[in-house]
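Before anything else, here is the set of structures, which you'll find just below.
There are two complexes below, and they share chain A, which is joined by chain B in the first and by chain C in the second.
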Partner chain A sequence: MGKSSDTRYIFSAGDLYQKDFSIAFRKEDGNFYIPIKDTRELYCFNDITLSTKLLQLLAKAGIVVHFFGYYENYIGTFYPKEQLLSGRLTVAQALAYEQNRLQIAGQIIKGIAKNTYFVLYHYYRHGKSELKDFLDWLRKDVSRLVDSVGNIKQLLRIEGEIWARFYQSFRVFLPESFAMNKRVKRPPDNPINALISFGNTLLYTKTITQIFHTHLNQTISFLHEPAERRFSLSLDLSEVFKPVLVCKTIFDCVNNRKIMVEKHFDKKLNYALLNELGRKVFIEAFEERLNQTFEHQTLRRRCSYKQAIRLDGYKLIKHILEGKNFVPFCMEDKK
Partner chain B sequence: MLTGTVVNYYTHCQRQCWLFYHKINLEDNSEDVRVGKIMHELKKQDKDEIALEGIKLDKLTAEYVVEIKKSDADLAAARAQLEFYLVVLHDKGVNRKGRLECLEKNKQSKSVHTLILTEEDIRDCKTQYQQIEEFLKQELPPPPIRKPTCKKCAYFEYCFI
Partner chain C sequence: MNKPNFNYAIVFYDVGEKRVAKIFKICKQYLKHYQKSVFRGHITPGNYLELKNKLKKAIDPDHDFITFIQTISESSFHEESIGNTGVSPESIII
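And then the complex of A and B:
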């Protein structure tokens, strides 16, 4: 907290190695040093060569490294040998999955609905009255629907509907070049899908890092099937932040013409992928949003959105360990 | 098994004590602490800490067990920790006086405090250690009690979220 950012992004190709107690980066046009101090996270977006000696340093310093491939595809994370382990919590987390999965997952869906409402209400207030039906549905129906379901499949259907209707609503307030016809993943097929995919992946990796700094087990999830693939708890905890962190960043970049189809997307690939410049612009805007602070209403202290992700981890621990109701981050309540 | 830190925390804050004992040891957000830890890790080999059965002594001399603290913020807790070391050593037939050295004195008039335990003190301590062991067996940590010192604690966010 207080620090603007503890994340370093590497966009060029080069070698990463240890020099004294620093991370050194050797690339074509010279050497750069990344101090261990104030670094908690590294993102590698290019061909990087690194040594196990460096990995040792990173592990000791508890620095998490995320790797991406040529197509902005997420390759994986170097996850330092876990320092925070609590057998008691792991057992309790598994028990919570057995006994309380539906309730926790339901809270996540309600959280998505609330934050989606918050984001769209802004546009409604500024004259986009077409959004009314969807807003009413989010406000009045979702919570009731969630409380009436008997299994995860039905919950996932509600979630699917929220996202589908949310994406549909984009054409009300985004320029036509960013219209969303249909959400397509892996690989995305147009600029808006590319932005959502890239943003969601960044948020997912950010959440992995935040969970790493708690005792939670990354594979025991509640909404998503545990370990269906990857670290599924991170998929769970990142959901409610998507509208407020990823989508708000996209709307800001697109509507303020910080990101434009011609300039920031790869023409060769039918504009379905950000180019290097576009990636930098988006990441900068995303980082800025993550590090923005607000007055946390429960803690009564300033807190960044990135910190809020960690706090959702703490809330989950508290639910698992002490039975306190788990209510994920809500943009309106600022807690 | 009890450790010096657990005894210290029990005096300082029972909730912190329970959480710490059950390995819910939350991270300190302070960058200084983190840098210190990394340096400590990297330079472990040239340290001459004396460690046995839950006690890690900062210094052991012919006369004293020395415990060094950054500040005298919670002297009672530091004292309890040092007492614990003295009791453990006493049981091994090693009798020493305790010496508490605070690098900063903010609340007390002196920075060095000496501790001499009588047989009776040792008996009292042992009774208390039994209570702590019982306390740690509880299923749940005690609810948080907000004190001015909570603000700086690594557990603050977890406790009050």
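And then the complex of A and C:
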């Protein structure tokens, strides 16, 4: 049975065009019809031609299209004209950046620590006692450290330390072929770095789509510098989801031998790039995780992890406009 | 009282030759083309009403026949298929 998903990943080369007020994809071995009302996002990984007529239709339907280059590098997003504009919120968001940045960024870092703790505790409980030091540090010291800092640079240093120690702990529970010494980006230099980079890119684009459906301004961020040329708020909001969505998908794929170094990575590039089969396995596992639901403790109903990203956006809005405490998604409390 | 929230639909139609293409065009905006005259897929209750009303206008009620089956999700029914479909219309990777 097919899995329901409002996302399509296009890996074949072909033309994407508009037909009968819906989307059609023409490739070598026939046409493929994509229902417009059941689509939120398209990911283009190959050589794809599209027309403005299609873009017009996509803009009307509010469908976001992400483009990727030959090496899975993120090129950009077709971002339809904003439907949800709110001057009031934009002004308030900028004010919050001026006055409240440290507090919001601090909450995000506490969120990262909590979710990392949640992910690693599973392995600790199953006998990996080497993790104890790091877990204690995450639980006790991080929130104290975060509360004591006076500027954003120091906060970023704490964040860096969390990630560095988190990545180092991988060798405790991952097989040797996926061991990791150091996080290397642009380009990643070994399989595990490649998986993390690819996963983070997917999560980043997912978050862009979710923020698109809120009134938030994508360029005003709190933890990351609101630099030009990219949607830095999406980097902020995706941060707390990295351990629970990206890393857990990786652990699942690697430890259950769904992804293997010889089979799913490009040998020519020193195993630093997923090959086509590898990408498919990873994307399927990642989509499944995003669409998985849990019982939301405040809303008292089931909600998927994808929705949880959007809910984090709403929480931020509530914080900015109404002064309600901003506590990012936490795996333990399920809210 | 508590009406379940139907989020998945299967539509099969049996319509006059003249109107087949018309029905096909309407359905493919909302659902995935599963078999020759069968569509199915995830659909919101609002979109479902929209689809139903559009189809209602397009058919000739004396001769045509369309059935909608609504379920909670694709995991709430069991299904068995034999033969080869070729390209699966529901795969997330194209």
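Methods note: the second predicted complex is superposed on the first by the 329 of 335 C-alpha atoms of A that agree within 3 Å, B and C clash if a C-alpha of one lies under 4 Å from a C-alpha of the other, contacts with A are read in each partner's own complex, and residues count from 1 in each chain.
Here, a residue touches a chain if its C-beta (ideal position, glycine included) is under 8 Å from a C-beta of that chain, and two chains touch if they have at least 3 such contacts.
Source: prediction; values computed, not measured.
In the superposition on chain A, A:37 makes contact with both chain B and chain C. With both structures placed on the common chain, the touch criterion links A:315 to chain B but leaves chain C unconnected. By the touch criterion defined above, A:28 lies against neither chain B nor chain C after alignment on the C-alpha atoms of chain A. Residue contacts after overlaying the shared chain place A:84 against chain B, while chain C stays out of touching range. Applying the stated contact rule after C-alpha superposition, one finds that A:176 touches neither chain B nor chain C. Of the two partner chains placed by superposition, only chain C is touched by A:11; chain B is not. Touch criterion not met for A:98: it reaches neither chain B nor chain C.
Across the two superposed structures, the residue set of chain A contacted by chain B and also by chain C is 1, 3, 21, 36-38.
Residues 22-27, 29, 31, 34-35, 38-39, 41-42, 140-141, 156-158, 160-161 of chain B are the ones touching chain A in the complex.
Across the interface of their complex, chain B is touched by residues 1, 3, 21, 36-38, 60-62, 84-89, 213-215, 298-299, 310-311, 314-315, 317-318, 321-322 of chain A. Within the complex formed with chain C, the residues of chain A that make contact are 1-12, 20-22, 25, 27, 29-30, 32-33, 35-38, 280, 283-284, 287. By the touch criterion stated above, chain C contacts chain A in their complex at residues 8, 25, 28-33, 41-43, 47, 73-75, 79, 86-94.
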